[in-house]
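Multiple structures are listed underneath, in structure tokens.
Shared chain: subunit A. Partners: subunit B in the first complex, subunit C in the second.
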Partner chain A sequence: MSYNIDTWLKLAAYTGGGLAIGLGSIGAAIGEGHTAAQANQAISRRPDLSGEVFKSMLVGQAIAESAAIFALVVSLVLLFTTPANATFATVWALLAAGLSIGLGAIGSGVGAGFPAAEACKGMVHQPSVSKRLTTNMLIGSAVCQTPSIFALVIAFILLYTDTTSSPVWPTWAALFGAGLSAGLSAIGAGFGSGLVAGASCEGIARQPRSAGTVTNSMLLGQAITQTTAIYGLLIAFILLFKPYQASEAIAPAMALIGAGLCMGLGAIGPGIGEGVTAQSAIKWIARNPTEVGVITRSMLVGMAVAESTGIYSMVIALILLFVV
Partner chain B sequence: MESDLGRLQKRICSKALIIAIIVASAGMALGAKPIAKGFLLGALFSILNFTLMALSLPLRLNFGPRQTFVRCLGSIWCRYLVLAVPLVLATQTAMFDFFAAAVGIFTVQGVILFDQCSRRITGNQ
Partner chain C sequence: MAIEGVDLVKAAAMLGAGLAMGLGAIGPGVGEGMAAAKACEAIGRNPNEAGLLTRTMLVGQAVSESTGIYSLVVALLLLFVV
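Entry: the complex of A and B
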């Protein structure tokens, strides 16, 4: 039995579409489930405030599932459009597009559930700040979606990239590596950002007077937490746009996949670790807003150290790209 | 409780509908019919998805974490099917622009964020 290019394209598109939608729904479901579980606790504590809790849960979940909807869009593009001027490298591009958004939506989906859950819990403790909590929760949840947007951008570039002028070997590996780099690196950043946003909602509920300081610290913490996703995006861009010499040797192709894997996997830990650091800092800033300067410095040093392993991964990825 | 949730749902959905109509009218006036129709289609299904989400909220509460996760996963998959309709329609007919439909299905999310941010900026909490 022989297979032509169209058969391989269909195989890659259907597999990529399945991976996108399947992986993409995991994070959102965990995040929404966590929010609903905390809403249960909040309602059982103050049944008279169930209306406020329901409202917060609904808008929080609507934002939290944005990453899953990105995955749906990519999945449907994969299933219902046929790429023009396809080569065998396009087959890998389609598979990588599905993997990129599928993996990239996991962290953001789970992460966005934390602020929604803490907002539901917090508003039964401090009903007077429920609107402020909802606003902070929505800002935090929206920022959590950024890593999945990076993955979406790479997925779309992969879907519409023209591979006719590039050699199939090793371009296929570069495209696949780009998808892995963007998708995997978004997991830790999305999850970590959610931890930060969750801590800020808890902090505002505990100490409403510190709301302004806590929201600003949340945005700073989330921005730094997401830097490893930016490294992943950078490596993905280099993999996508670097010109390659035609070579049927296995080693250069494996080096390109290795670069994507190295950066993607290497960004998961720092993303979560930095999120844990910022989560703790914001928790204590809310309790002691007068010491915001010292706590922020300590947070930044801790995050910088946690980030170093992500930088090591990026260095190795760059060596794999330009030296090996 | 229901009235609170109903009021929120009505407020967000009506704003999303107004935005969809304005964008679609502007698109029609500028002669970009497929874009206008695609956006309107996506926005309508975004509103339907949000309404289904609100209606299914009670089904996801009062269970243990594991069962809540399973119910949330089921809810997401069901609503995936709803959101897939405008996108599939846009891929199958030239009447609707696919990218406009894809942007349209985020109308409710956009309205929620814009609504909250504008309230914060104007201090109307």
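Entry: the complex of A and C
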């Protein structure tokens, strides 16, 4: 039984394409379902505002959909294009591209559902601030998408990377590790920033006077929540662009996959945890806007401590890349 | 390509180190986030006790950090000692 490279390329492209859209649909579907559920509940309270709520539900769902659309694009590219100058490392790059955007779309899809749902709910409580709420929802859900965009960037680099000048072994492992790092690290950050954006929409609906403070705190909270996804992107870039020496040994290849897995998995927890922290902080900043300084300080301290395990993961990933 | 035992063991240690730290970071990250979330809520309710609440939050987080540090230690042992 012998297969030539074209068979392996097709195998990887089809498997990767299936994984990309299969995994990538999970998040958006849950997020949009959550939005629709809350919109229905809101309309049942105030049927006269159904037009407004319906509109904001659709806008929110459209943004939540974007992560799944990224996955669809990568999936179609994988199905219908054949890479030029392919080597056996390209086989792994195609599989990794699918995994990267598939995993990376989960968090952003679920996350973008929270602000949309809270905006629909808030609109019926405070119809007068519906414009402000929609703006805040749009900003919040757009920021939620950034981790999936990081994963998309890595997926595209993997799709079009030229591996002819690098040794197949261990480059294949580096490419696979890069996909895992960018994809897995986007899960926590996307989900966490969605929690933050949801809390800020709820807060604006409850206390319209605190809207400015709440939007600013939301952006601060989301930015810190996404730091671990940026670590994941950084490790993915190092994996992609570091020059490798040809080696037939298994250990260096496993070190590269280990680095990707370590950073990717290690970014999930801090992303979710920091999102939960900022969610609660923003909820209380909206209820008690005069104490914004004290609450922000404790939010920042809490998030910094929750970040620590993400930093340990980055340290281990860097040791795996550069020391051992 | 002949696979040598030493190489295979080393490869397992590398992958194991990555998995140990990666999986080990999930729990403390979420847990410390929850501790900080409740501290922010409590400070929002009662801003006068911010100092006491921050102190309690930090002690609680330090304890829940411990498993993350165990993972770090095990990962470093796998990389440099085993």
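Operating definition for what follows: the second predicted complex is superposed on the first by the 324 of 324 C-alpha atoms of A that agree within 3 Å, B and C clash if a C-alpha of one lies under 4 Å from a C-alpha of the other, contacts with A are read in each partner's own complex, and residues count from 1 in each chain.
Following the convention adopted for this analysis, a contact is a pair of C-beta atoms (placed from the backbone, for glycine too) under 8 Å apart; a residue touches a chain by one contact, two chains touch by 3 or more.
Since the model is a prediction, treat every value here as computed from it, not as a measurement.
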| item | value |
| --- | --- |
| Fit or clash between subunit C and subunit B when superposed on subunit A | fit |
| Touched partner set for A:68, first subunit B, second subunit C, both or neither | first |
| Which of subunit B and subunit C A:316 touches, first, second, both or neither | second |
| First, second, both or neither for A:261, with subunit B first and subunit C second | second |
| Subunit B versus subunit C as contact partner of A:51, first or second or both or neither | first |
| First (subunit B), second (subunit C), both or neither touched by A:143 | neither |
| First, second, both or neither for A:303, with subunit B first and subunit C second | second |
| Partner chain(s) touched by A:201 [first = subunit B, second = subunit C, both, neither] | neither |
| Partner chain in contact with A:36 - subunit B first, subunit C second, else both or neither | first |
| Per-residue contact with subunit A, leading partner among subunit C and subunit B | C |
| First (subunit B), second (subunit C), both or neither touched by A:131 | first |
| Following superposition on chain A: angle at subunit A, subunit B versus subunit C, Cα, nearest 10° | 170 |
| Smallest separation of CA atoms, subunit C relative to subunit B, angstrom | 25 |
| Residues on subunit A lying within both footprints (that of subunit B and that of subunit C) | none |
| Partner subunit A, residues of subunit C touching it in the complex | 1, 3, 7-8, 10-19, 21-41, 43-45, 47, 50, 53-54, 57-58, 61-62, 65, 68-69, 71-72, 75-76, 79-80 |
| Of subunit A, residues touching subunit B in the complex | 21, 25-26, 28-30, 32-34, 36-37, 39-40, 43, 50-52, 54-55, 57-59, 61-63, 65-66, 68-69, 72-73, 76-77, 80-81, 131-132, 134-135, 138-139, 142 |
| Footprint of subunit A on subunit B - complex, ascending | 1, 3-5, 8-9, 12, 50, 53-54, 57, 60-65, 68-69, 71-73, 75-77, 79-80, 83-84, 87-88, 91-92, 98, 102, 105-106, 108-109, 112-113, 116-117, 119-120, 125 |
| Residue ranges of subunit A in contact with subunit C within the complex | 188, 248-251, 253-255, 257-277, 279-281, 283-285, 287-288, 291, 294-295, 297-299, 301-303, 305-310, 312-313, 315-317, 319-320, 323-324 |
